[in-house]
Amino acid sequence: MHSSTLIIVLLGFMTLAYYMGRKRSLNLVSGRVRDLHSLPSYYGIHTALWCGVPALILFVLWISFEGAVVTGMVVDNLPQEIQELPPERLNLVLNDIRNLAQGDIVSQAVDETMQGAADHYSSLLRISDMALFVVALSVAILGGLFAQRSINRHQRARNRVEKAINFFLVSSSSLAIFTTIGIVLSVLFESIRFFQQIPVTEFIFGLEWSPQTAIRADQVGSSGVFGAIPLFAGTFLITLIAMFVAVPIGLMSAIYMAEYAGKRFRALAKPVLEVLAGIPTVVYGFFAALTVAPFFRDMGTSLGLSVSSESALAAGVVMGIMIIPFVSSLSDDVINAVPQAMRDGSYGLGATRSETIRQVIIPAALPGIVGGVLLAVSRAIGETMIVVMAAGLSANLTANPLEAVTTVTVQIVTLLVGDQEFDSAKTLAAFALALVLFTITLALNMIALHIVRKYREQYE
Amino acid sequence: MNNNLQQQHDRTMVRVQQGLVRRYRQEKRFQRIGLGAIVLGLVFVSFLFISIIANGYTAFQQTYVKLDINFDPELIAPVGETDPEVLSKANYGGLVKKTMREMFPDVSSRREKKVLYGLVSTGASYQLRDMVMQDPALIGTRQSVWVPADDDVDMLIKGHIDLNVPESDRRIKNNQMVWIQSLQAEDRIEKRFNTTFFTAGDSREPELSGIKGAVHGSFFTLMICLLISFPVGVAAAVYLEEFAPKNRWTDIIEVNINNLAAVPSIVFGLLGLAVFINFFGLPRSVPLVGGLVLALMTLPTIIIASRAALKSVPPSIREAALGVGASPMQTITHHVLPLAMPGMLTGTIIGMAQALGETAPLLMIGMVAFIVDIPGGPFDPSAVLPVQIYLWADSPERAFVERTSAAIMVLLAFLISMNLLAVWLRKKFERRW
Amino acid sequence: MEELVNESGVVAKPLNPEAATEVDMQASYEQHGSGTVGEIYVNDPRMTCRNVNVYYGEKQAIFDVNLDIGKNQVISMIGPSGCGKSTFLRCLNRMNDTIDVCRVTGQIKMDDQDIYDDGLDVVPLRASVGMVFQKPNPFPKSIYDNIAYGPRIHGLSDNARHLDEIVESSLTRAGLWEEVKDRMDQPGTGLSGGQQQRLCIARAIAVSPEVILMDEPCSALDPIATAKIEELIDELRENYTIAIVTHSMQQAARVSQRTAYFHLGKLIEVGETDQIFTNPRHKLTEDYITGRFG
């Protein structure tokens, strides 16, 4: 609430600064715009930027570090014995203090120290908010005044403004790089911590996955074994099933659309098929769990097969349906990129359409199609919601599509959703899995994009 | 020589004729396979929609039970009491129970009574409280009030409970059946439009749950996402398309953006968890963090679409502006951006639609919490529509199945209108140079 | 060999080119309303075209063309770009069918068979009327597979050895065998432009057609490669009927016996190549070959 008020006030200040800067520049030359280096509005923008940007940067930094600083101060004030708790226990206490301060339910009885800490916490937050308000507004006023004072008719306001915009453009485009670096770092660090506890070889080659670690020494049934092979196998199985559905249907419908369908049929069928691409994955997951899985189970029963109600088949088939439009639009692109001359050459020899498609167009488009299929595979591997909702949690090492399997993404979700201690091998395992997931999909994407690009260049 | 060739040609023609039937059969078969693939795809689409709608349309109605409530001053407060403090703490549950007992005086055993009370929703007492708080004059009067039925009764009335199943496996027992039938005989049971579904937040009770909280959460999340991804995406596209020198650095950025577009969404969730929540200490479950994560996720989509839009503006426009002495920045802001804006907006809307349907990364940043309150801003904990769907889909009650489907219908309605908007925008501003 | 008689006979009244007078021409002009000057008819036609009109949607691209294509000769079609010569060529093996909006009226007969007859199958038609395109378009397959493609789809070979023979003889006839016999399994796209075009000619020959249509076959080639192709066309004339569209008048003069001049979709003049280039009868033809436009 406070923050949005502050932002609105800052925006108001910036508007004000714009008019002040503009007015001052005009006054300097008594309205003769030609004597100014830049148009008056540039002086206005220049002033407004000086007024708003430093304050906004301060605001963002403040908000980002406020939590950590305040928490640190609260911890410093806690009794010695609480401070010496192991980090995960300390975190629990801190959570309770925060909840208490917000008036929410807490996990343990509220005692004197807790209440005191909570009061301390909320008073610190209040002070911090007030301080931010005052500091940010003063910075804004000072910045605006400074810029307004510095205006003179030779000041290169336009160049400065353009420089600022250019800086914004460059940093915006670099954000993609920082995102990637952020992903790599956040996944890598936790993974390294995981591999300090569990050897890499056990993770990559282990045949058993059972991440429930014992919290107390006397607990039974929670071995904490982290062999990821069953997950890889499950992911592979479901991806394979999905590809068996998506590639033939997607490819054939793309071929039909591109080579056979009349204009009206295409105009009707294409958008309808593309609807499949716009449906959220959670909907597919629900569809798989509610409709498709029972359907397969009943069909299996009537055939005398035992089909698990969370069979890999159901998840795979629905995932395949989801990927159909993806495969078909990529194939459509590459098929259309095959030059007409190829078709002419084949028709000119008396080939029928299907002969031309099968023997000339598809071989010519093959690299592009392979690239598209690789992208689809990477999609299937990274798909989460369908498998979370329709595939199981049990890490079976099986090639039978009628049984339940689990996947990398399902395990990431299960390990990270709900209560978690941040340092246990169980939680860290999710990051190790994510590292594998990221690496594999990245490699697939790189290869696929490379192939597709090479293919496009070939016919350009 | 010529004769020889003529013979060869004749032989060829004979062969060609011989093969024709087989080849045309192949041709037909191939064409049929292609058509079959499309039809199969269309069947999937319709099957999906039919399954969702068939499961979900009943959720827009809710069964209500008419109770003749005696607003007994003994149970609430003396007549004339207006202090909200007192009124809000009164025993409205007892009021409902008493009414039920009066309607079925035969029910005597403790266990049976409990089952009887279960016919109406626990929300009935809140409804009575709100009525009294609004109009304290009700105290001491007798009113007919329609209160929501329990979800199991609702399911029975809607025909979702199979009465051929043995009683022990059934959510509605035989004695409940008798009571319900007698209520029906007195016209005390009715299906009405389910306004609760649109005005309430989440609840453990299906009949009291609604999507308003999730819709608000989705709205705030999307707003944050839009505020960040649109300016940054457009700026990045402008830089890469108009200013960037062709060097290694821009090459790396390009490859990077293309790769990011294909990174699994759950990985973005982990990024959000590690950076925004664990490093910066932002709170869990809030639209702010959700919006930040989704912004990073949709950025590549928006950048790619915006670059395509910029590419489609012919160079002659730029040359004309530069030719009259505009600076490159002025050329872009005055001439190129306005022309490319429809394309950029289209790409942005599609990116937003993608963000609206996204679930996995939000699970990672704790947006799966059970949140009853309707969020008032991007800093309040909230759910979003797809996550609400996921949570409900996980719930065992049959009544949540139809609510899940109904929520999906609402979500799809939003998505379809966003996509239609994008199509309309593209059609309206499409320009051929 | 030229005097080989067409057993099926000729439909249109043959008109002796030598006997053609101004009056006769006027007659043919009025008879068909085409406005074409010169000898439309030949004694021994392989293909006859009558009142051919071609439309792209609303737009008419070819106006009322009448033309015979004689057996075992090369006829070249010249004219400024956009005059419809390529469009007309593509009518001769119904390649225009692949363009949705394209519509052809009139009558084109090949050895007495109307090729636009509803019951006619384009597959055998295209097997007997081969085509070579402007840009060499070898399939992205090996050299061998490029040549073998036609025989394979039509089922022309009895066994592998027979197919080898067909490939070798086609390549030999296209004058490419010596150059490629050691690298038959390398991709056809790896050859030079001129070689690629001869590969495409060999590919067309492999299904032993009677007519070969060539749509500016040398426009993408350098002069040396062009010379080779022209040489090849001259050799092929012995056995095949060839219709070639070219934008180079010199090429038309070098390779063809008859020349047809198209202008804005109309066939303006047709006649012996020598006569067209030395003594054009129509003003437009004269302007074109003397370089006043084009």
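Note that the chains take the letters A, B and C in the order they are written out, and that residue 1 is the start of every chain.
Following the convention adopted for this analysis, a residue touches a chain if its C-beta (ideal position, glycine included) is under 8 Å from a C-beta of that chain, and two chains touch if they have at least 3 such contacts.
Predicted, not measured: the structure shown is a model, and the values here were computed from it.
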Report summary line: By number of contacting C-beta pairs, the most connected chains are A-B
Report summary line: At the largest C-alpha centroid distance from chain A we find chain C
Query raised in the report: So how far apart, in whole Å, are chain A and chain C when each is placed at the average of its C-alpha atoms?
Result: 59
Query - Gap in Å, rounded to a whole number, between the CA centres of chain C and chain B - result: 63
Report summary line: Separation of the C-alpha centres, chain A versus chain B, in whole Å, is 18
Query raised in the report: Out of chain C, which residues touch more than one other chain, so two or more?
Result: 123-124, 127, 153-154, 207
Report summary line: chain A residues touching 2+ other chains are 350, 352, 355
Query raised in the report: Among the residues of chain B, which are close enough to touch at least two other chains?
Result: 16, 23
Report summary line: The chain A residues in contact with chain B across the complex are 1, 3-4, 64-68, 71, 158, 162, 165-166, 168-170, 172-177, 179-180, 182-183, 186-187, 189-190, 248-253, 255-257, 259-261, 269, 272-273, 275-276, 278-287, 289-291, 321, 324-325, 328, 350, 352-355, 357-358, 375, 378-379, 381-385, 388-389, 409, 412-413, 416-418, 422, 430-431, 434, 437-438, 441-442, 445-446, 449
Requested in this report: Sort out for me which residues of chain B touch chain C in the complex.
Outcome: 1-2, 5, 8-9, 11-13, 15-20, 23
Query - List of chain A residues in touch with chain C within their complex - result: 263, 339, 341-352, 355, 359-360, 363-364
Report task. Sort out for me which residues of chain C touch chain A in the complex. Result -> 93, 95, 98, 100, 122-127, 130-133, 135, 137-141, 149-150, 153-154, 200, 203-204, 207
Query - Contact footprint of chain A on chain B as seen in their complex - result: 16, 23-24, 26-27, 30-31, 33-38, 40-42, 44-45, 47-48, 51-52, 55, 231-233, 235-236, 238-240, 243-244, 252-253, 255-260, 262-268, 270-271, 273-275, 278, 280-283, 296, 299-300, 303, 327, 329, 353, 356-360, 363-364, 368, 377, 379, 386-387, 389-390, 393-394, 401, 404-405, 408, 411-412, 415-416, 419
